[in-house]
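Worksheet: the structure to be examined is printed underneath.
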Amino acid sequence: MLMASNDRFQPWADLSAEPQLRIENVVKTFDDFTAVDDVSLDIYRGEFFSLLGGSGCGKTTLLRMLAGFLAPNSGRIFIHNEDIVPLAPYERPVNMMFQSYALFPHMSVEKNIGFGLQRDGVAKDEIADRVAKVLDLVQLSQFASRRPQQLSGGQRQRVALARSLVKRPKILLLDEPLSALDKKLREATQFELVNIQQQVGITFIMVTHDQEEAMTMSSRIAVMDKGKLVQLGTPSEIYEFPQNKFVAGFIGSVNMFEGPLVDSEVDHASIDCHEFGGPILIGRSVSHGLGHPTNVAIRPEKIRLAKREQPLDLPNKTVGHLKDMAYLGNSLVYHVVLESGKVLKITAPNLGAHPENEFFRDEPVQIGWNANACVVVES
Amino acid sequence: MSAVSLLGALKPGQGRGWVIAVPYLWFFIFFLVPFAVVLKISMSTAEVAIPPYAPLFTVTDDGTVNLALHFGNFAYIFSDPQYILAYLSSLHYAAGTAIITLLIGYPVAYGIATSKPNIRPMLLMLVIMPFWTSFLIRVYAWIGILKQNGLINNFLMSLGVISEPLNILNNQFAIYVGMVYAYLPFMILPLYSNLEKMDHSLLEAASDLGAKPFRAFLSVTLPLSLPGIIAGSMLVFIPAVGEYIIPTLLGGADTLTIGTVLWNEFFSNRDWPVASTVAVALIVLLVGPLMLLQHYQGKEGEKA
Amino acid sequence: MSGLSKFLQGRGFLRLMMILAMVFLYAPIISIVVYSFNESQLVTVWSHFSTKWYGALLEDEQILRAAKISLEVAVMSATGSLVVGTLAGYVLTRFKRFPGRTLFSGMVMAPLVMPEIIMGISMLLLFVGMEQLFGWPKRDIQTIVIAHITFSTAFVSVVVQSRLQGIDVSVEEAAMDLGARPVAVFFLITLPLMIPALVSGWLLAFSLSLDDLVITAFVSGPGSTTLPMVIFSKVRLGLNPEINALATFVILVVGTLSGIGAFKGAFKQIGPKEAPADDTATAIAATQ
């Protein structure tokens, strides 16, 4: 969360700020299949923005429309108030980093990177200079005369990045940039990419299906499902306050409860939940009317697990049996069966062995959470 | 790169149009229109003139245009037993060749497809190499092999296996040998292409479920290779029906096939309209197999 | 019988078939070459080793003239079919939808299977008709070249399609994204990556043209007799040792050229995708 942790960077919060990229009611259909369904969003200069969703949700289609390889059926796309839809890919101030890297096999790394500058008619020595600078940025200076076939996957990725940055585009589009890398390399590259983005100050728009990646790297995330924009917000907004069940379930894990609203006040509310075995207290007001069926989501890491006989001072408390547990090294995962039969997923950090947190299978336990830990979610 | 930038001045849509138009026009004019011309001439009559056929459209003195369509040629070829025999004979050779090349070609294709991946290209090259040298010359070579004092007869006689030379040239046998020789790769390559792409895990599954290798072959490999078999058969059958060189060189003077009939009508008899009629009938005959091939080519294409 | 059926099902049977097939395929070629060095006029009755027929060949005016014409035609038609075939192959691979695509695809691919005699007669009748209407073309080298381009293009386009399918489209998209217009993309990116296919396509069209008899016989004129036509008229009369010498020469030249072409084109893969597009049509192209 390198960007999100920098709380001062919130251009979207400034009502007078002009977005750099405005997507306005864009629709894209293929025959009778709607890939992008009336999507509108604003992206501000300097953001590391992610389009997140499962396969077929329309995120790649949207990205390709930004690049110019597809034209929307309706709607407009503005960069600083200029409609770019009639512009061809080679006319846009936008560059793309392809999922397969798409490096030119018959050219060296230098020539690959310099290609775009050549097309623009830039002078030879300036090309050489800029290519050298960007190679330095991605730490591949000694590979300048190699061919792509002679490079590893990670190195090719950095060449692709360098190639798309050297023209200093206003916006850089990244199509699943880390999907071809193995896990360790992926984690290291995530931080590298964010660092580079901050260094060059270019707006990055990334498409990914990996929600951890989106959460780690982005200033804001747009979650998409079936062609629609489902939620737009910072990683913490999306995680802590998912707007609906889909988003709640897509990002991380979640436990869901449902019940009619029985109490609605200015600073708290509660629902009556049969599965929970009693009322659930929510620490903020809820806009529904009394009796309205309401969904409440509680994340696994926010639930406390304790032995039956231990005192547990939490407003939302109930009992159950420990059905399963898994040791993940840095954390533990528990599955607890409540009296109603509902199974809850609970995670806890590994704080070292202690009689308080040594549990056995089928042990009677109690669980609980704070009123502020759970959140009301729309369907 | 000034030429490039000059061409680059074309708008994107225009460029695409030109790229499609050039080959399209070429093929339309030089491939499709000729068929219409053949049809037209088939409805004309022979004349001693240059060109040797009567024009279809004539303009009389007062300006009226007369169209003379002469369907007699079609009636002629269908009533004359010689033409019907020629068609049947060609179909016979083509079908026979397809079957024999299938019987020989399938084991060869299968053998190559199941050999070690690193020697497959080499084996394929060995099969293909002969077919890059002249077709005419290779057919000619068989004359030398099959004639009375040719390679085979000399060899067998010198071994004492036969006392009199075998009559294996200028007859049906020689034609078959030549056809099978010439068309074998047309069968092997599509079969190989199909077999090579076959999912071997299916065979492993069959074996895992208890099927012996031959049984697995019959119930898994053979049915799955059907598109390849049909494609290969059509690739052999269709051009073989109209084959001219092989029956002429290896079949002897009185060989009757559509190819030789067409050639003779055209060059010896100078009867262009009848030759055209024979051609039209042949094209119509081949429409069915052509569509069958198109269908199975499409299936193979989906797999690629 | 179990021994026989076991053999039939085993590797041994397949090996035997492959060996027999190879013998079958190469015997005629080897016999031609061997007998070209036979002193005897009766080609297949061996007398003693001699290269006299090669000498006779070099003095045969008719053959030399025909060879010159054949080479001219082959070069022109190979170059022409390379251009038309590359365009056709590009269209068929990259443009998936346009009005008339089915017809286009059918027309371009049909020469691969159409009996030559039909193509020959139809093209001649077209040329005759055109000559009557426009006064052009006369039946000579021009008509032969046009006819050869028409049937060779199919083979070139198959080779081009096969190669192009192995080139990742995103490489072309990346070039456009970096500022190259479509024409520049074609000449700077696509074409260089296709060079092996272009070379093998040209060589393929060249050898097809050099060898063609039936179509050429129909569309040629009095002064444009090609080498296959001369060979054919001679061998109709029977065996001819000079022809054996010529045949050996042709086998060596054409075989080497095509061999290089195929080796470079069919089996070399570069670019992100690994699998060669090895479908039926490629197979046909490789046979000619």
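The chains carry the letters A, B and C, assigned in the order they are written, with residues numbered from 1 in each.
By our rule, a contact is a pair of C-beta atoms (placed from the backbone, for glycine too) under 8 Å apart; a residue touches a chain by one contact, two chains touch by 3 or more.
Predicted model, so just to flag it, every value in this text is computed and none were measured.
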Exercise. List every chain that touches both chain A and chain B.
Key: C
Quiz prompt | Winner on C-beta contact pairs when B-C is weighed against A-C | solution = B-C
Quiz prompt | Chain whose Cα centroid lies nearest the overall Cα centroid | solution = C
Quiz item: Approximately how many whole Å separate the CA-defined centres of chain A and chain B?
Solution: 59
Practice problem: Starting from the mean Cα coordinates of chain B and chain C, work out the distance between those two points in Å. | Solution: 15
Quiz item: How big is the gap, in whole Å, between where the Cα atoms of chain A centre and where those of chain C centre?
Solution: 56
Quiz item: So which bits of chain B are touching at least two other chains?
Solution: 12
Quiz prompt | In chain C, residues with contacts to at least two other chains | solution = 181, 184
Practice problem: Return the residues of chain A touching two or more other chains; collapse runs of consecutive numbers into ranges. | Solution: 88
Self-check item: Contact footprint of chain C on chain A as seen in their complex
Solution: 67-69, 88-90, 94-96, 98-106, 115-116, 119-120, 149, 163-164, 167
Quiz item: Okay, in this complex, where on chain C does chain B touch?
Solution: 5, 9, 13-15, 17-18, 21-22, 24-29, 31-32, 35, 42-45, 84-85, 87-88, 90-91, 95, 98, 100, 104, 106-108, 110-111, 113-119, 121-123, 125-126, 128-129, 132, 146-147, 149-150, 153, 165, 181-184, 187-188, 207, 210-211, 213-214, 217-218, 228, 231-232, 235-236, 238-239, 243-244, 247, 250-251, 254-255, 258-259, 262-263, 267, 277-284, 286-288
Quiz item: Inside the complex, what are the residues of chain C that reach chain A?
Solution: 168, 170-171, 173-181, 184, 189, 192-193, 270-272
Quiz prompt | chain B residues touching chain C - in the complex, by the definition given at the top | solution = 1, 4-5, 7-8, 10, 12, 15-16, 19-20, 22-24, 26-28, 30-35, 37-38, 41, 51, 104, 107-108, 110-112, 114, 121, 123-138, 140-145, 147, 149-151, 154, 181, 184-186, 189-190, 192-194, 196-197, 213-214, 217, 228, 231, 234-235, 238-239, 241-245, 248-249, 259, 262-263, 266-267, 272, 275-276, 279, 282-283, 286, 290, 293-294, 297, 300-301, 303-304
